[in-house]
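Before we start, here is the structure in question, set down as structure tokens.
Labels A, B, C and D are assigned to the chains in the order they are written; within every chain, residues are numbered from 1.
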Amino acid sequence: MRLYAYYPGCSLESLAQGYNLSTIEVAGALGLELNEIKDWNCCGATAYFPVDELLAHTLVARNLALAEKDGMSDFVAPCSACYKNAYFTNKYLRQDHDLAEHINYALEADHLHVDGSLQVRHLIEVFLQDVGLEAIRRQVSRPLKGLKVAPYYGCQLLRPRKDHEDTEDPRFFEDLLSAIGAEPVPYASKTRCCGGSLIVTNRKAALDMVRILLEDAAAHHADVIATVCPMCNVNLEVYQSQVNREFGTEFSVPVMYFTQLMGVAFGLRQDRLGIGKEMVSGTPLLAFAEASK
Amino acid sequence: MTEKIGVYVCHCGTNIAGTVDVKGVAEWAAARLKHRGVIVGREYKFMCSSLGQELIEKDIKELGLTRVVVAACSPHLHEKTFRTACERAGLNPYLCELISIREQVSWVHTDKSAATEKSKAVVAGGVERVIYNEPLEPLMVPIHADTLVVGGGIAGIQAALEIADAGYHVCLVEREPSIGGHMAQFDKTFPTLDCSACILTPKMVQVGTHPNITLMTWSEVEKVDGYVGSFTATVRRKARHVNTDSCTGCGICWEKCPKKVVDTVFEVGLGNRKAIYTPFAQAVPRYPVIDVENCTYFKNGKCKACQLFCPTEPNSIDFDQTDELVEVKAGNIILATGYDLFDATRIAQYGYGRLSNVFTSLEIERMCNAAGPTEGRVVLRDMKTAPTSVVIVHCVGSRDENYNKYCSGICCMQSLKFAHLIMERTGAEVHNCYIDIRTPFKDYEEFYKRVLEEGGQFIRGKVAEITDVARSADEEGKLIVQVEDTLIGKQRRIPADMVILSAGLEPRHDAKEVGKMFGIACGASGWYTERHPKLDPVATMTEGIMIAGCVQGPKDIPASVAQGAAAAARVLGKIQQGEMALEPIKASINEDACSGCRICNGLCPFNAILFHEDKMVSEINAALCQGCGTCVAACPAGVISGTGFSDAQIMAQIEGLMLLNVGPEPVAA
Amino acid sequence: MTEQFEPTIIGFTCNWCSYRAADLAGTARMKYPPNVRLIRLMCSGRLDPTFVIKALASGADGVMITGCHPGECHYLEQNYKALRRYHLLRRTLQGLGLEPERIRLVWASAAEGARFASEVSSFVEEIRALGPLHWGSSNGTGQPVSATQRGTPALQEVAA
Amino acid sequence: MSSVPTFKDEITNLMYATHGKPISDCLQCGTCSGTCPAVEFMDHTPRLIIGMIGAGLKDEVLESNTFWSCASCYHCSVRCPAGIDIADMMYALKRYSMWKDRHQEGLIGPAFSQTFVKMIVGSGRSFEPALAPTYLFKYGPRGLVQEAQIATGLVLKGRMPLLPTKIKGLKGFQNIVRRIIPIGDPS
């Protein structure tokens, strides 16, 4: 049983509880032990960097340090923004001794130290790399036959480029969806930005960006959009009604976390996957999934 | 100290004297290095002038100098000058050292005294070193009169013809079934728009019929041994399954062959050929080849239609033919293996392979070609609808850190050519999206003007992405090209029926391995490295290996032809000499002391070190040795010596530079 | 405060790239400190590690090894051998109680006169900071002087 | 050689952590602008901003909303043919304008970021409601209503906590922060 330092991040405690619940359930079903980093702090998403780069890296580093202290070697985050922050702070800690020195000087104030020894990954990477499609397939008891799912990668999971991954037309999300019996719909906007934090700071822009995504997904007859990030989920789901108001559209596309879909396919209880908390109800399509099994 | 050393310090006008106390250095050398054998120290305004040289010659004759040190400019400038001067005076040229106190002292330092002190150290270094110089004789090697040309594109064809016409024998090796290269695929050639085939075919025919040219198509060089003057190449002649002695190239076999195959090479997937085929009508040679992967007979033992219908006597189809290896002897080799087209699928956001009406430049060339799959009609992927709006994307895979940093050079003109042809043939509206339009050569800019006048539209901006996701009615069912019009600073979404990716040129996928085989290196971008980027673009660092055409870097047709001819001229010069002198800067092994550990064997990139199993010692082939000295440095027994750069010389130079053997201050009279 | 320490540095150059880079720096009249004295080899691959030891033992305070960029070696790949020997040398120096920073490997193509000049300047400063290396000749014994004896700031810290 | 750093130098220096290419490598090709999903909402396209930085048009740049409209999706960064991390440059500009306290009137970004960081420093965790004041009132009455509706919706679904959470080791946490930015002594 492999151990992971689990960093849920703030939104999974509030806006994205569904993501948190389903993550824990599904990880459990796949035999991954996630132990939550004790007393972790907010990683700052995209809001620190405008203020102070060093502070941003340091606050991320605190979480890494806590994980390292617990003797962990793997760090996993379900939120793409948290993942991106953790990944790069961790990387720079190794690359840039100067930065590492500054950060550790600050961490000393709380008797912490960080070397950047962790392997930082996003939840979906862990599922694909450590569990693998085969093992995932074996867990599926209720394949989501005929369910048209639009895989939405978003930005931070892919960009900035971490290693050599395809930042334009990746396929791993599709593979995962096929593995649980769903039918991934091909649509060009899958890596296009949803507006992220602009939803607060530049509402008009963000809503327009969300609109374009919803349009593209709808145009390809997606029954549901699957996300890998709470930010994307909130923008696409919570603000769908506002998009409709703003542009006179009539979108009603359910948006779910990929872990929720996996959970359903694994035959786990929907309430334990946090399903039912959506603003755009996902129940009908799940009923459909039920029926079609 | 038996040596009699003369030290000559040059003023180079004020170039050196301006910063260095030249007189002081000369006197210092004469006085303080006397005990090292310096018997004369002179300074002169311009040592390289005839008077300066005579000064040295005179001293050699009258004072019987046995070593000469000249402190002046860089050896890359005047080493030869002074060495020849010594030679004229009867002193072996390699007993003269030119050391630089201009490029490396007076020009880079400002503090006069510091510069003077450094000059003294440099002179001392030269003196200590020259003591250990040995008289060397250049190595003469005979030049075999035959030439091997690898690659049958326009550059290789030109090179082969030049040499053959001059009366020397050439062996031309081509990987494909026919010569012609990329040029054979093109329709019109910029800027004159004359038909590619019309100007290329006659040259191809000449090659095919030339008495001095042995043509080996469907063949690849597998191994190269030897060195300048006497190379031996092993060529694999892949089985054609057609007997070229009896085959007349009548074409009945490929007419009758029932098996249609999508031609992914010559027709870049737009057209078909048969399982037995010649890539195109004007192919040279005319003999077809059987594509074993697709031939029905080779797959399930039945058919043999080609053999059945072959009219020749004896029958020319030979299913049992096998590859054969032939050895080719040559004095010189010209590499003209060309380029690969950038693989546009690598740029996912441009949608090539995903969006059906996105085409590559080569596909358009074939479409425009009257002999091509559409008889010259420019149409969409459905092979019938003509486009009404076309966008040409420049710099695809070029000038981009993510792909190739360099500019492919030809894409601008190629794109302008397409713009012209498409407007002419379809009347479609054509947009060019470019970063910079580069039309530097004869009549190129004029052609650009012409396309502008014909109504070609130009948007300065690199295309960000191509999508089929419409945002408005007029975008429905079209490809949308998203680009910033940087000149007006506005976003543009241009709806188009067809998008053409002007893909750049890349080094051949196997350039590195091939380079290794011929003993030449690739630069950072993968093109073969020429001996000098400006003054010697056809020779390589390996004597006897020339490069021509795109192997050296992206080029258009005129440039490739010119370089092909230049390489040929260089080779002819060598052949004419009959033999050539090699720099005697070589490594050699003292066989008596060699322990046969073979450490050096693996180090030599030129395979110049061979091991004698019988004597259990290694030996260096002087003609193959390029004199890098790596083996010298590596030999644990220290029995490999490098002439011109021996351990003794360098150790001595270090001591000199550190002023360890400077004599005492002479007591003033 | 007495006058600042002027280190002596021996530079090994490749005939095809870095030596030409040095020439180029000259023709372009770029300026760099006169502390470095160059030796021309045919290739950085010719660099016998004993040359470096010899230079340091003869009183040089630092050694600069220069060659063609990886992949651009005139002799195909010999500069990689130089690279390996460089790493080896650094370890050897450490073993001898010398700062490995006293040798520096620099890739400079024939076109990089500016790079050559700036590398020399920065190296001279680095060696100046390390202080003199009284090894071999100057203390007569030909033996390495112990770190504390040499008393470069860095090493004093270690000693303290 | 102590010359005053140009605006370009200042920004370049602020791009400290990205070990990327300097903005001086920019070809002005516009790939960034063509790629940017928010470009329609920017006063100047990203490419133009880079040009303006090069030209030293500090005031115009700081006055523009371009970098505050960047969603940091890094699409430009991965596509830039010159290898420049443009998104990071936008962050650098944000930092610069915060530092100089100069930005276009009526922007939410600056205040939002400030409050966000204050909030984190104060509790160690983010808490959406606490952020509301920084932007709510800029939305105007109509926006307010919509926002309220959404918020209630979330609360009803139990997705919006009513009380902020704090981390346990807050003191130590703040000691860490204190070593980087002045936030007053522990009270």
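Definition applied: a contact is a pair of C-beta atoms (placed from the backbone, for glycine too) under 8 Å apart; a residue touches a chain by one contact, two chains touch by 3 or more.
Given the structure is predicted, the values throughout are model-derived calculations rather than measurements.
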Original post:
What chain pair shows the greatest number of contacts?
Top reply: A-D
**OP:** Round to the nearest whole Å and give the separation of the Cα centres of chain A and chain B.
**Re:** 50
Subject >> Chain centre separation (chain A, chain D; CA means) in Å >> reply: 21
Original post:
chain B to chain C: how many Å between their CA centres?
Top reply: 33
Subject >> Centre distance in Å when chain A and chain C are each reduced to the mean of their C-alpha atoms >> reply: 51
Original post:
Hey, what residues on chain C touch two or more of the other chains?
Top reply: none
**OP:** Two or more other chains in contact with one residue: find those residues in chain B.
**Re:** 349
**OP:** Could you list the positions in chain A whose residues touch two or more of the other chains?
**Re:** 212
**OP:** Chain pairs that touch, all of them, please.
**Re:** A-B, A-D, B-C, B-D
**OP:** Would you tell me which residues of chain A are touching chain B in their complex?
**Re:** 166, 168-169, 187-189, 212, 215-216, 219
Subject >> Touch list for chain A against partner chain D, complex >> reply: 10-11, 13-17, 39-42, 44-55, 57-59, 62, 88, 92, 95-96, 99, 105-112, 155-156, 159-161, 167, 191-193, 195-198, 200-206, 208-209, 212, 238-239, 241-242, 245, 277-279
Subject >> chain B-facing residues of chain D, complex >> reply: 21, 27-35, 39-40, 44-45, 47-48, 78-83
Subject >> Of chain C, residues touching chain B in the complex >> reply: 8, 10, 16, 19-20, 22-23, 25-27, 29-34, 37-43, 45-51, 54-55, 58-60, 69, 71-78, 81, 85, 117, 137
Subject >> Parts of chain D lying in touch with chain A, wherever the complex brings them together >> reply: 14, 16-17, 19, 37-38, 40-41, 68-69, 71-75, 77-78, 85, 87, 91, 94-95, 98, 107-110, 112-114, 116-117, 120, 124-128, 131, 135, 139, 143, 146, 149-150, 153-154, 157-161, 165, 167-169, 172-173, 175-181
